[in-house]
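First chain A sits with chain B, and in the next complex the same chain sits with chain C.
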Partner chain A sequence: MTKAVGPEAGGEYIEIYGVRWSRWAAKLSAQVDIIISLIIVLAVTAAFHLHFMLLAGDWDFWVDWKDREYWVTLTPIVAITFPAALQYVLWEKFRLPIGATLAITGLMVGAWIARFFGFHLWSYFPFSLVWPALMIPGALVLDCVLLLTGNFFITAVIGGMGFAVLFYPSNWPMLAAYRLPVEVMGSLVSVGDYIGYAFTRTATPEYLRFIERGTLRTFGGHSAWVSSAFAGFVCVLTYLLWWHIGMLLSRVTTLPNRWRHLFGYPRERPPQTASPAVPRDAS
Partner chain B sequence: MTKPEPAALFTTQDWSPRAFISWRGLLLGLAGVFSLMLAYRSYQQVFGWSAGLDATDPAFDTYWMNLLKGELVVLTASWAGLWSYLWFTRDRALSQLAPREEIRRYLNLIFFIFVYAFAVYWTGSFFAEQDAAWHQTVVRDTPFTPSHIVLFYGTMPLFVLFGVGSLLYAMTRLPKFAERLSLPLIIAVAGPFLILPNLGFNEWGHAFWLMEEYFSAPLHWGFVVLGWSVLALGGLLVQILQHLLDAIRRAELQAGGLDDSLADPQPAAGP
Partner chain C sequence: MRADACSRGWLALAWLLGANVALAHGERNQEPFLRMRTAQFYDVSWSTDHIAVNENVVVTGRFRLFEDWPANLPQPDRVFIGNGTPGPVLARVESYINGAPAIQSGRLQLNRDYEFKTVLKGRIPGRHHVHPMLNVEGAGPLLGPGQWLEVSGDHRDFKLSLTTIDGTQIDNLETWGVDTVVRWEGFWILMALVFVGWWLRRPLLMTRLRALELGHEEALVTRADRRFGAVFLVSTVLAVFGAATWAEQKYPRTIPLQAGQFRVEPLPREAQEIRVTVKRATYDVPGRAMKLQVEIHNPLDRPLQVGEFMTSNLRFVNHALPAAMARVEASYPAELLPRTGLTLPDSTPIAPHETRAMLIEATDAVWETERLTSLLSDPDNRVGGLLFLYDDAGQRSIANVSGAIVPVFVGS
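Our next item is the complex of A and B:
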């Protein structure tokens, strides 16, 4: 990949993927790469976390909100957005098949840090109540499909479905204990619900009032799989949309600066949009 | 094709990365932001529960409203100070900028954006989610809560300081950003900046509709859409890399250490 070509004027040249660079420029470029990678990690973590917490955050914050229908449907649909956009940028511009995993890992790290310092250390909730959901398996599948096919449409259909369908089983080992039934003051509730009752959130609606309705209890576990399949369908469409949002926002577009004379450039001449009706030099 | 003679500039000038990169400036910026965030978080830990539960309590006024007033003074002064410094010390002869200096300034711009992204992280991720931890637990009786005083009037103005600062730095010191306005840069700065005025709507809505505290309420979706604009940093970074590569080639041409194959970056011939 990289080899020294030999000393010439100004220092050695090296080849990186077939392109010749002088050694000093290659060194500088390598350091810039590291800095830019860190910027991308920070920016994606911040923007994606903000997006996620304000669209699906409540279901991620609390264990008693992690239900069989809304949580399973909403979370993958909201979470596939930034992975799709970042896959566009990293795959199309840099041929790196890590966009989804990078975005989801950034989200997870940001969520765990905030859960620890905010929910646990400041508001004194136990981790059994506030652990964030896991989405990394679905992100790995999304990246693998893009790597193997190199095609965004197939990634949307197969990867998008995989991302949504894998969400529930990925979280099941952590969630199962909180779904066990327990009797509290004569009522049958889940362990997750009971933890929610014990740690009061004075300003938040009770989830049972908010969500548990219809035939959700009757259908039990089956509704989770139906919700996963529905989320998969919407994820395919969301992926396609966000791939193009990534394309739009990573496009380098510039406009003329009308104040460039303030920086030492000559004033731009106004464009000639009209020609005289009668040529002046006509005699 | 005649090869250029070994150039004197390459032997007399420093071409190592340290000639272009000012690590000290970056580390100072990151350490400054981190120290401030640490101080804010510690303050919340100490005075959040002890003096931040009741807005009519005199202790609230002492510990929280005074902090807010101090922040408003400091943020106005820091905005005015940094932005006017960047404007009044602008380069008025950008068309004659030497390529080596241009490279150095591109790296300064990248560092500016780094500190901006670091400040955005603390706002958009750390303190934003912590806002849920506080407000879903404690009944709010004022828009100026211990969480908001730090998040909205402390960390948000800070990222605006660096965001607008990086826009001004680029436009006043780099020829390509002065000649033409970069749409990705404007979006990446203006979108997060607009989160600040959107706070007005947020607070108005919370007061008017007496909302239950759940984060996914439609009232909050303006923050979401404006947060998407951070993705334009992708376009901006691609643009900076293109310009940086161009400046590197011009610097080598000027120093005389570049042959034709480097002037036009094509893949080298041969296996």
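Our next item is the complex of A and C:
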């Protein structure tokens, strides 16, 4: 996709994606690319992390909040937002199908930084209590569907559903060990319950946990799959909404500068109308 | 150890900057009505004031959920017995209310007494302030008295072992499952980098933007890219379900998070309850004295003497009464035992079935240092506490004391 071209000896020009660039311009654009990419990655990681911590918060923080109902429902719905918006920008403007993976990986790296410094070093919580949930497989599926179809609606339906449905099974290899049954003080609890009990969260008592209360028991105990299906449906709608938010946020608009004369520039003239004004007494 | 070093580092930095480092939990910052009229902790004791990492400290005692519970707080329909410590510096191994396991929350009753026991295991070395605590949904944490505990040793030696019902041995809950988490999440972060790297190895933003504007779409996303995407898509789905199946086979017996509530009966009531009516309560601001003009009815067949007035974990003890002094545990925090104690102008015993009007004075600077004088600026200006009375055999009876309080700004 990059080759030296032109009759000009020494290859002063190169062709990139079928477009002729001078070597100087190509080099400059590559440098600008690096700066912009770094800014995008850092900004997306910070903003997405903040958004996710505020909305998914405790469900992602603690192993004894990762239930089969609310965690499974809520996490994909609030996590598909930034990936959808970033997918719009990167696909529509650059044909790069990496928006979801980039956003989710940034979120996960940000989450690990917060868990290590904030939760572990500062507050003494063990990693067994505070590991963050995994969402990268869903993000990869979202990006691959967009790449293969090139269609945002199909990506919303298939990718959005896949993003939610893959969430629980992709976390199960880690979570299963925390759902082993254990008898403590004559009560049956899971290992995760006991970890949450043992490592005190002074201002976050047990009753604050917003976890499954058995309301999905009519589905044969398969709460997680019912929750995943519901989350998938909402993810489709959330994806469509955030795709359009990405569209709005990447639109370039300009406003006339009404104060430019204060800086010595001539006043901006109002745009010429197509037809001259009609005199009052024309009739 | 790293966590400990980190916290020590921050404390050292704060000291260097001349900051006043708060080492307790801000319990004095709670509104007086929360401390005076909710959970009244009494008979609290700590089994030791020094443990090594992995050793246990047992905190025991009783609490009464006060009869004159503030109307602006929800009822104690969901309560959890916790421990007020600086985070998980101690691991909570066991906790009981009236002998029933309190690993979950449950409903408790007002004007009833409960016995609690909490077993805590040393984890992070340091000097920690340890309180028993009740978390009441909607009312927040209600702290009992706090005692300093020295934890020595090395955090790296800490272990909390467990055996599951299916026989799986867990060596240490701190690290249980973390290897799998790191490996599995690391694998997917690597997969994400491979996927993103496939696109990043080529000229990126400006050149793609220009090519797209000129309609060179096929150069931007090639057949090879699509094949790569298809392979990634299929591999991702297969890897996820393959690993989930592996986990199912490795851990065939799992249970969901447990969300039940405990049920526990309160301690039996005293056969005959002593009635205390507050006729007038004042707080002498310049004299730092609380004066309670009360009427005490003794329904028992034996004489009683006032031994102690307790509120907000402060114990004003009648020094002249040996039975009351004998109840002061050696481990009780000295700062919560005002030296002046309780003053009774009339300390003669209350005869059986007598109703006696008497004055009780609790004078000490501790009202100021514990920031309880801010009671006077509360919209609900009431005082609350427990009065401990003793018969001639040293048997104790407990009565509620509550009533409106009036400030006195001119010395009396």
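Basically, the second predicted complex is superposed on the first by the 244 of 283 C-alpha atoms of A that agree within 3 Å, B and C clash if a C-alpha of one lies under 4 Å from a C-alpha of the other, contacts with A are read in each partner's own complex, and residues count from 1 in each chain.
In this section, a residue touches a chain if its C-beta (ideal position, glycine included) is under 8 Å from a C-beta of that chain, and two chains touch if they have at least 3 such contacts.
Just so you know, these numbers come straight off a predicted model, no measurement behind them.
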Partner chain in contact with A:Gly57 - chain B first, chain C second, else both or neither: first
First (chain B), second (chain C), both or neither touched by A:Ala229: neither
Dominant toucher of chain A (residue count), chain B or chain C: C
Which superposed partner A:Thr202 touches (first chain B, second chain C, both, neither): both
First (chain B), second (chain C), both or neither touched by A:Trp122: both
Contacts of A:Ile154 with chain B and chain C, given as first, second, both or neither: neither
First, second, both or neither for A:Asp67, with chain B first and chain C second: second
Partner chain(s) touched by A:Trp21 [first = chain B, second = chain C, both, neither]: both
First (chain B), second (chain C), both or neither touched by A:Lys93: both
Contacts of A:Leu240 with chain B and chain C, given as first, second, both or neither: neither
On chain A, the residue positions that both chain B and chain C contact, one per complex: 17-19, 21, 29, 32, 36, 93, 121-123, 125, 200-203, 205
List of chain B residues in touch with chain A within their complex: 3-7, 9-10, 15-17, 20-21, 41, 44-45, 48, 90-96, 103, 107, 110-111, 113-114, 117-118, 120-121, 123-126, 128-130, 132-140, 171-172, 175, 178-184, 187, 212-216, 220-221, 223-224, 227-235, 237-239, 241-242, 244, 248, 252, 255-259, 261-262, 265-268
List of chain A residues in touch with chain B within their complex: 5, 8-11, 13, 15, 17-22, 24-25, 27-29, 31-32, 35-36, 38-40, 42-47, 49-51, 53-58, 61, 82, 85-86, 89, 93, 110-111, 113-115, 117-119, 121-123, 125, 200-205, 245-246, 249-257, 260, 262-265
Residues on chain A engaged by chain C in the complex (per definition of touch): 1-2, 16-19, 21, 26, 29-30, 32-33, 36-37, 64-68, 93-98, 101-102, 104-105, 108-109, 112, 120-128, 131-132, 134, 136-137, 139-141, 143-145, 147-148, 150, 162, 166, 169-170, 172-195, 197-203, 205-209, 211-214, 223
Residues of chain C that touch chain A when the two form their complex: 2-3, 6-7, 10, 25, 78-80, 82-94, 96, 101, 103-105, 123-124, 133, 135, 137, 140-141, 160, 162-166, 168, 170, 173-178, 180-181, 184-185, 188-189, 191-193, 195-196, 199, 202-212, 214, 216-217, 219-221, 225-226, 229-230, 232-233, 236-237, 239-241, 243-244, 246-248, 250-251, 253-259
